[in-house]
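What follows is a pair of complexes built around subunit A, which joins subunit B in one and subunit C in the other.
Take a look at the complex of A and B:
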């Protein structure tokens, strides 16, 4: 009798956990349409060959502005962009820490734009950077470092407790992607081929204090140490996005930091002509982010520096890698073609303009 | 630490885990430490207030016990030598001393409560008078109300009065008394327990009992369901209506009244379910505080079934003593002489009733809306009593008392009457409350219920569906309770049904609960008192 009771209790617990897991999977945002950048972080863990020469960490300035396929095709460099929307420096640190559990790259490229934020900004961005990580001590530390006062740590361990209220906004997308996900990015690069020429930006406002926050320096020190401890070269990078404004005072601090720590710092805004960027054709949102054409140009420029500075071997003749990257390139060009077709048919990209597409459908 | 916070759930798991693993003789000590840790999270300064109350009650309780013993042993020792008059005189002397100690304890602890809770209310009223005479106003004091002070103060007062009355011996272990006062599940919103009801199961050793534990856990879940799924969801509309009286008058006042009744019931009974459920998981029996109050057929019955421990507290420690105190007996005597037997005998009852309801109102909050609410309750009860003969005649003539229709009418009437009085609680302002109540009759436009306005109160259709299903479940459970414990009934079902009910309840709370980001975490309403 007692044994029977124990068995039925164990079954009950299993049922509860299974249901919780199923509901959690259903209720968590899928990020397959509209805010697709939310899917970037988790996509890395689906990657079969986690062995890259270069890992990028940072916000949209890395996942929108550089193409690993271009780096491969031009230099034989294998790379992955571990970027996420408004990835703050503590996010970057923990994402790097987590990445190093799977691989040891030769070079880590860190986008320094996030040095401008010394406080958590929005819960939505925290979720996009953190939820994609598998549960680990790193993830818990990352959540603790990132949370806004209204957030609870437990919701990062059991996201069902955060997303439970989505039951009344479930859409077809949630059921379609309940157990599977489409590939959104190309080794972390989020492709967009549409064009919106850069216009004028608001005049940069004067800041009361240009010094980056102490916490940002602390995490930058931690990133430097993590790389040194693992024998990885660290590159500080300012991507060629025109907005938000990159102040000279900020640049000077990074130059100074790089010198003191013997790091390579590349401010691509100083090399726009050399890169060959044309902001009337190479950006999809008026200069904030580059489109495919711009990302490929900036990748060619950056790849050359990385190759020369760090003697990265050209792996294009490695048959194993060649096959893997050919498959990636096929997907890349297929998406490129599809996006151009969409532009031709609709004048905009459907995935990024769902509302507009719905309105057009109604008409 | 709110019952609905993740921190509390973690705290509870730790306490329960330790409770059943440490040696049994340490169980009550663990609960004492846990209670103080729990209370510490509401602010460390609150610990000072509750500690002062515990120490003063303990010392005076022991003093009262000692005086009683002293009297008994003195009389026993001098049994032969003392005359009857001397014995009487000695007893009287001790009685006076004990009475003085009791008064000291009551005034001291009530003084703390009054100073913290009512000082600003008093200043506000004094300032009104000062304004009339163009005098300088007094400034308000900045005192934070410790959580649950009204509950634990009343609990200690009940204890000390019972000790004075000789109902039981004083507790001579200060730790045990401290646990009785501060037992964490009931510390912040009751029930207001009696020492002789709670102490035995609080201090005795408890072995893990799977059935008791499961029943307790089910009750906790049921409490969370009521609080998170119903109360914390409907509160959005209640606040929208009551915070904007200029926008929402007429029919919306009726809507707000009904919504608030649902919110208050789900909130308060949900909180008590959590309290009693937690205690049951620990093997401790806490007094019930509700008995399906919304099925009451009269306001008197309603108050026997709603917040029972508060009602009985006022009955036992204010109404009865007041009714039989010397001045009241004198009033009774003189009023019988002056107004005749019929009216004269009613006057002491009226005075006691009014006093009880005045203090009940004041206990609920330091503002006039609560006082008026209390007095109106007393008034309605007295009027109902006066109409009793009329009702009797009606029932004699029309034999409808036992028909379902008439009983339903009585239940609806009581519900609407109580909800109407609760308007004073909703709007927290006497003038606005009466104006809004009046608007139900002067600006009534039923069409507003059907033109989509209900969906502009912060609740969408999916919220309404959840609330309606939740209320139906709540009513069904109450109906089922009339023929015995619902948990016992479920326990008698096959295991698959038992587990299905549990899983359904658990996931209803997880999915449909109004908690986390996007929802304000709401305190239990009675925490404020």
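Take a look at the complex of A and C:
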């Protein structure tokens, strides 16, 4: 009788947890349309072959501006972009720490734009960087480092506790992608083929203090140490985005830091002609981010430097990798074709202009 | 027995889903608009008490968090217009450039209504209601606004209601003047 009770209790617990898990899966945002950037972090864990020469960490300046497919096709470099929207430097550090549990790349490229933020900005950005990580001590440390005062750590361990209130906002998307999500990115690269030429920008504001925050330097030191301890070359990178303004005073600090720590720093804004970027055709939002043609140009430029500086082997003759990357390239060119078709049919990309598409449908 | 188990089961699930933190908080799913402009912060509508710090231009009073459209209509065609979609957000931060100043607006949630976020002086062609402009001396600022400022490096900020009025000083001279909506 006692044994039966114990079994019933165990079953009860299992059923409760299964139900809670199902509910959590249903209620968490899927990021499959409109705000697709939220799906980037979790996609990495679906990768079959987590063995890359180069790992990028950073914000939109990496996941919008570089194409791993181009790096493969031109140099035989395998890479993955572990980027997320407004990824702050403490996010980057813990995402790197988590990545190193799965693989040891030869090179890590860190986008330095996030040095300008020394405080968490918004819970939604935290969610997009943190929720996609599997539960681990790293994730808990990352959440603790990132949370705004009104956030609770427990909600990063059990996101259901945060998202339960979405029950009355559930949409078709939530049910469609309850268990299986679409692939959004290409090894972390978020493709857009549309074009919006760059014009002029607001005058850069005078800042009260140009020095990056102490906490940013602390985390940069930690990234340097993490890479050194694992025998990884670290590259500091300023991507060729024209806005927000990259101040000379900021640049000088990164130059200085790179010198002191014997790191390679590439400010791609200093090489725009060499890269061949044309901001009337190579950006989809007037110079903030590159479109596909821009990302491919910037990847050709960066790939050459990475290959020469770090003697990365050309792996295009490796049959195993060749097959994997062919599959990836197929998906890449299929999406490219689909996006051009959408542009032709609608004049804009549906996934990124859902509101506009809904309005057009109503008319 | 089965009903009992079912009841317990449902209670636990409901408890699990219903408890937890800050249920009064907004859905953390991204909503539009988060500025990427250095020096400006992400907006959040504040209480609508009118601040004593507001910018006037050609008889048009511009308070932070005011609905922007009537102001923009009154100001007329800007010399330049710039829009900045933020990473992952469908909303837009917009910058309208007029003779002597830039007006930043933001949108909130799915609502396309623009609200005033920031006014920044670009040159000494405009001045605060108290007569401070680019090139004024720090002593002038203090004599007009008093000593109740918060100093952060070389930035002096005066606060009232939902507005911060900030002056950046270099070599004893004002080099930047901005009215900013306060962000919690």
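Keep in mind that, in the parts below, the second predicted complex is superposed on the first by the 363 of 363 C-alpha atoms of A that agree within 3 Å, B and C clash if a C-alpha of one lies under 4 Å from a C-alpha of the other, contacts with A are read in each partner's own complex, and residues count from 1 in each chain.
In the analysis below, a residue touches a chain if its C-beta (ideal position, glycine included) is under 8 Å from a C-beta of that chain, and two chains touch if they have at least 3 such contacts.
Just so we're clear, the structure is a prediction, and the values are computed from it rather than from any experiment.
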Check: Between subunit B (first) and subunit C (second), which does A:10 come into contact with in this model arrangement: first, second, both, or neither?
Finding: neither
Next item on the list: Scan A:116 for contacts with subunit B and subunit C and give back first, second, both or neither.
Entry: second
Item checked: First (subunit B), second (subunit C), both or neither touched by A:157 -> neither
Margin query: Touch test for A:285: subunit B only (first), subunit C only (second), both, or neither?
Written below: second
Next item on the list: Please work out whether A:168 is in contact with subunit B alone, subunit C alone, both, or neither, and reply first, second, both or neither.
Entry: first
Next item on the list: Considering only the touch criterion stated at the top, classify A:207 as touching first (subunit B), second (subunit C), both, or neither.
Entry: second
Margin query: Contacts for A:34 in the overlay, against subunit B (first) and subunit C (second): which applies, first, second, both or neither?
Written below: second
Next item on the list: Name the chain, either subunit B or subunit C, that contacts more residues of subunit A.
Entry: C
Item checked: Set intersection of subunit A contacts, subunit C complex versus subunit B complex -> 8, 12, 15-16, 19-20, 23, 27, 123, 150-152, 154-155, 160-162, 164-165, 167
Margin query: Quick check: in the complex, which residue numbers of subunit A touch subunit B?
Written below: 8, 12, 15-16, 19-20, 23, 27, 123, 150-152, 154-155, 160-162, 164-165, 167-168
Next item on the list: Under the touch definition given earlier, write down the residues of subunit C that touch subunit A in their complex.
Entry: 5, 8-9, 12-13, 16-23, 25, 27-31, 34, 36-40, 42, 80, 82-90, 95, 97, 102, 110, 120, 122, 152-155, 166, 168, 170, 175-176, 178
Item checked: Touching residues on subunit B, where the partner in the complex is subunit A -> 6, 460, 462, 495, 499, 502-503, 506-507, 510-514, 516-519
Checklist line | subunit A residues within the subunit C interface of the complex | finding: 8, 12, 15-16, 19-20, 23, 27, 29, 34-35, 37-38, 59-60, 85-86, 116, 121-125, 127-128, 150-152, 154-155, 158, 160-167, 169, 199-209, 243-245, 247, 285-286, 288, 354-355
